[in-house]
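First chain A sits with chain B, and in the next complex the same chain sits with chain C.
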Partner chain A sequence: MTRRAAIVAGNRTPFVRAGRRYAQVSAQDLLVAALDGLVARCGLAGERLGEVVAGAVLKHSRDLNLTREAVLSTALDAATPAYDVQQACATGLETAVLLANKIALGQVESGIAGGADSASDAPIALDDRLRRVLLDLSRARTPAARLAALSRLRPGQLRPVPPRNAEPRTGLSMGEHAARTAAAWEVSRQAQDELALASHRNLAAAYERGFLDDLLTPYLGVRRDDLLRPDTSLEKLAALPPVFGRDLEQPATMTAGNSTPLTDGAAVVLLASDEWAAQHRLPVLAHLVDAETAAVDHVHGEGLLTAPVWAVPRLLQRNGLTLDDLDVVEVHEAFASTVLATLAAWEDEEFCRDRLGLEKPLGSVDRARLNPVGSSLATGHPFAATGARILATTAKLLAERGGGRALISICAAGGQGIAALVEA
Partner chain B sequence: MGRSTGRAGTGPASSQAAGVRTVDGPPPLAPLYARSLLRRPRRAVDFPRTTVRAQGVRADVERVAAFCRATGFPVRDVLPLPVPHLLGFGLQVDLLVREPFPFRLLGLVHVRQSFEQSAPLPVDAPLDVFVRAVGMRAHQRGATVELLTEVSRAGTAQVVWSGRSRYLARGVRMPGTPVAEERLPAPEGEGTLWRVPADTGREYAALSGDVNPIHLSRPTARLLGFRRALAHGVWTASRSLAALGGPAPAAARFEVAFGAPLLLPSTVRHVARQVPGGWETAVRSRDGSRVHLTGRLTRR
Partner chain C sequence: MPNLPKVPNPLGQDPYGAFVRSGPGALLAARAGLPRPPRLRRFEPGQELLTGPALVVELAGATRSAQVAGWLREAGARVLDDLAAAGEDRLGAVVVEATGVRRVAELAALREQLAPAFARTAPSGRVVLLTGLPQEFPDPEARAVQRGLEGFARSLGKEARGGTTVNLLRVATGAGTALRSALEFLCSARSAFVDGQPLVVGPGVPVPARERRVAVVTGAAQGIGAACAEVLARSGHHVVCVDVAAAGERLAAVANRVHGSTLHLDVTADDAPARLADHLAVRFDGADVVVHNAGVTRDRSFVKLDAAAWDAVLGVNLLAPLRLTAGLLERTGALAPGARLVCLSSINGVAGAKGQTNYATSKAGLVGMVEALAAPLAERGMAVNAVAPGFVETPMTAAMPPVPREVGRRASSLLQGGLPVDVAEAVAWLAQPDAAGIDGQVLRVCGQSVLGA
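== the complex of A and B ==
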């Protein structure tokens, strides 16, 4: 049997709503901040790690080596290699899986995985026709060729193109996609608001008991996720107007309170072999045991964010486990309705039989074990950072209870999803 | 760079019937530059003992981020080592223009600078900033004046950051033998190329407030006798510090000596060498014939 990668420590910046305190800093700055804190907490200054792998979803073309550039700004040995990964909201967990696999194979002994995103500092592109004119102009060798290129210039092309939060093949925003899935599974407004409330209450309680003290380093004076509303209530959440799904037949249920807003932040996690951790006198929180990615054809009818519905049963089956064997279940709260639709699918006998090919329903998730210290609705969701946030949180939850088994499930744009098993 | 040893003496401001003048905050500098043209330098080759003070000033996130974009530092939770100098620079100009010195502000040449901190300062923390002249000494080409900038967390007495700026006033005659400056080592090697664009001076002027015309454009620089605009010395020093491997130590001192002016636009070479306890740096012209800056970072 191959060895398993140990989850040693995690660190992140507090997450902040886009356009606020981190408005002037880049994804690279955020990644440096998250790495700095981890390096300081684990005593990694001057250390040559096997690799650092991270990514950003909203990425500038100049940031082709985002992670490597960030590493060079830290106290890590400059001989630490790095590479970037991009898999939408699955980025952070996918980086950890890639690194864990290398550790399991003995290719590296240690490394850092994670991600950063700044929705505030998002790239703005040139109009694609203008870009082609400029490229042709740079290739033109004769005045006539230059003139020909320039003659294709139009004033309208000078308008910059901001990033769009829409699926390229469907034209629908992620929220609109989620609203369609919510309607299909008849997820109620109240259930979504209750899940959002639980997320805020659980995260607030986690801060109160110091759970996040060694998972987070203050940045630019921010000490807590600024989206957290410890005093929110079902009444306040119920008063918010729906923002997605207003063009559907069913009543619109998704609001700013039960959806994640654009967020800035970064998160990283230190993985290593057990031997490396022991040599560096760093306690092991848990092990990353296995992972499974899945994708659905969201262009032709499947719910955009439902791929984890498929990934999780495959992962559990491969490991001979059921939902009842899990002590902690972390389901990324892109939208409250996404979590609830996922849980509903696993409970639905017909769906599990006809679509997932299971003999009986996958089962129910005990709500007490679901996102016990809150998730993205309360922390916010800087796309590429979320996976490392959840992985470090999960590992610490297992370490805190003295052992156990946890499942992580994260949905992503492009109809993709990733699930992972963590054990301590 | 030790304390100055010139004839006009050093010593704390308080020992010499000195006053403290408090300003509300960094003053707008363009009017002060204009005013410096009208002012007649004092006759006596001496410097005033006044301290100019600003209380509760902050390096806010926007300004720090602009500084970092211009120089290459990542935006951290703590201020890059040179940033408190920006908070004191306006006070330096205020001191040099409003108090009697035997030279005019415009035309001063920045020859030496050091930044030193015992601990990093958080972004946005309210700070008290004190600026005073601490010495003059004879120089082969005139006289130099040394300004000391001291920074403490607001309301505390402990100085955690200090900077020494030495400016040359050409043509000022000062009795005494010119004291040779300690030379900083200039590391050799190919180093890295910096392509420094023409608007570097304007960008740095906008964020630092140092709107000295020599940095802004070719025509304004020509008025003051330079062929082209030149980069701010503190910009060059900051970019050099930012280019060193990893974060600077929490307690550190970075001292630089400025050589030939870095004319804009330019392509120059930055050479850095790790030495026990720190780094040595040099910014040279691309062909290596001129040295624009030598620097030394030491862990404290």
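== the complex of A and C ==
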């Protein structure tokens, strides 16, 4: 058995709805804040770590070295190398898997993984026709050629192009894709609202008992996730109008209450070898044991966010486990319907046999073990930050219960998904 | 850059002080007879102990003059044989060895020898009187003389100009390393705002310092707590910076600046003592220094004070240090051998303050806690003391109404508010291993405030 990477500590900024309290800061600022909070918590100022790996989904071209630039602004030794990774919403967990693998191989002893996203700081692009005019202008050598290039300039080309929240190959937004999957699995509005309510209640209770005290550092005066609604109710959630799937035959079920909005925030997690953690007198919360990524062909009919449906059985099978062997199951709540469709797929005999190639259904997830301290519906979902948030939360949940085994499942754009096993 | 709270600029906080230290301001203040707060010399790395030569004034029966002169020389000071040797130089320090004085008549030498030297002290000069511990003298005249020296020192402090301080050490029989340590502290720029104070130097054996000493500071996110973290880190401690989770952003900045670490902890929480004890034992093999600094104010006149304002102040300022200390003492390994505890009291606790019945109760209460814990802790080789700041330029005093704030600043011999670092220097000195022998006491850092003196 190779070495396993220890999950030592986590930190994140409070997550905030896009355009609000973090509207004036960049993804890099957020990443620096999350890193510095972690460095402070673990006493790592001036320390050289093996590496820092992080990413952002909404990324400016100027941020080509986002993580390295962030590291240079932190209290870490500037001799700590860094690199960026991008795998849509799987980014945060994928960075941790890459780092854990390096630790397992003995290539590094310690490092920080994570991600940051600011939908407020999303890159605004120039019209592509304008770009071509400007390029031709810069290449023009004669006044006539310059004039010819300039003559193609049109006022309409000066309109900035905001980033698209749609899948490039289908033109559908993530919510519309999720609505189609929800309809296919007949996920009810009430079940979605119940899941959202549980998420808010569980997260509020976690804050109350101080569970987040060593997982979060306030930023710009924000102390809690601003999406959290401790006082929400089924009635309030039921009153919200549907926003996705309104063009489908079935009744639209997805609302602003059971979907995650655009969110700003950053999250990071410290991974290390057991030896490094012991040398630094840092208690180990849990170990990152194994991980599996999957992808589906969402262009030709598969549900865009269903890749974890495939990743999880493969991961469990490789480790000789079933859903019953798990003490905590963290399924990223991109949309309540995504979680519910995923659970439904694993319970469906026909689907498990025909599509997943299993002899019998993968099984049911005990709801008491599902997202026990809330998930993205209550915290919000800054795309690249979510993986590190969930990994640190999961590790602490296991440490708190004195051991156990946990599964993490995160869906991502592009028909991808990632699953990971954590043990303590 | 995110708009982080700015570190307060002391000059900007005391505009009057800044103005009268300027050329035209100084002239105007001198003409008008207005108070002219001196610029105090403060610690800088690599700094000389004194700004000029030192003189040891020897009174009748003195036994420690040569020893004191030797210590000062080893600390880099030029020690004069007599005042004449000073030439044109102004004196950096005058140490009066008065431990052997027993008769009223012998005090006359004080006037004859100290007065000309006192007149020659440099800006931010130092006068330190070594006396006996009055309680050790059964003879009425001897005790009267020794006790009288305290009134003398306090009066001289009020006459001193230019940032010169006057302090007094009551040297108990069997006084150990702390005498040298106290003398060096009171002569150095580290004691810039310690003035007119008596301190008992008792016996005490320093515990060998661990390779990496660990200090805990509660309420470390800002003000005096943040300054304590800085100064303790400067003297080689890993500082565990403790504050409520809500202050985490500033706390992280402080901890990273001093290469320490953070612990989000509400000191009033039921499980706070256990959590802190566990953290210190598991992560650090125990703390060498614990600074109970976390404090809040909820000022109201007594009859208007509601239960919440009373409970919040008593809970954070008094009950939490009591419970945390008990929890740390209970848990094996939470405190390192020879651990030092320092409580942040306040001269408002000593003297009382209008609208602060709750606050003064809590801060005077800490003095009681220190007195009661001193003996049992001494048995375990540990020590506990209180530091009582006077008017200090902190976010807390910045929030005061302008008139009381200005009065508070000027109502001391040094005619100005202290800085958080002044309090932190005193805390860090009490935390030093060689300060063993300073125990169960209250050290005021108040520029010889007129309050409660």
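Throughout what follows, the second predicted complex is superposed on the first by the 409 of 424 C-alpha atoms of A that agree within 3 Å, B and C clash if a C-alpha of one lies under 4 Å from a C-alpha of the other, contacts with A are read in each partner's own complex, and residues count from 1 in each chain.
Rule of thumb we're sticking to: a contact is a pair of C-beta atoms (placed from the backbone, for glycine too) under 8 Å apart; a residue touches a chain by one contact, two chains touch by 3 or more.
What you see is a predicted model, and the numbers here were worked out from it, not measured in a lab.
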{"item": "Fit or clash between chain C and chain B when superposed on chain A", "value": "clash"}
{"item": "First, second, both or neither for A:Leu72, with chain B first and chain C second", "value": "first"}
{"item": "First, second, both or neither for A:Tyr219, with chain B first and chain C second", "value": "both"}
{"item": "Which of chain B and chain C A:Cys42 touches, first, second, both or neither", "value": "second"}
{"item": "Touched partner set for A:Thr232, first chain B, second chain C, both or neither", "value": "neither"}
{"item": "Which of chain B and chain C A:Ala33 touches, first, second, both or neither", "value": "both"}
{"item": "Per-residue contact with chain A, leading partner among chain C and chain B", "value": "C"}
{"item": "Touching partner for A:Val25 - first (chain B), second (chain C), both, neither", "value": "both"}
{"item": "Contacts on chain A seen with chain B and repeated with chain C across the two complexes", "value": "25, 29, 33, 36, 45, 74-75, 217-221"}
{"item": "Interfacial residue positions of chain B with respect to chain A in the complex", "value": "61-62, 65-66, 68, 74-77, 122-124, 245-247"}
{"item": "Interfacial residue positions of chain A with respect to chain C in the complex", "value": "25, 29, 33, 36-37, 39-43, 45-46, 74-75, 210, 212-214, 216-221, 223, 281-283"}
{"item": "Residue ranges of chain C in contact with chain A within the complex", "value": "1-3, 238, 241, 245-249, 251-253, 255-266, 269, 282-284"}
{"item": "Of all residues in chain A, those that touch chain B in their complex", "value": "21, 24-26, 28-29, 32-33, 36, 45, 70, 72-76, 78, 217-221"}
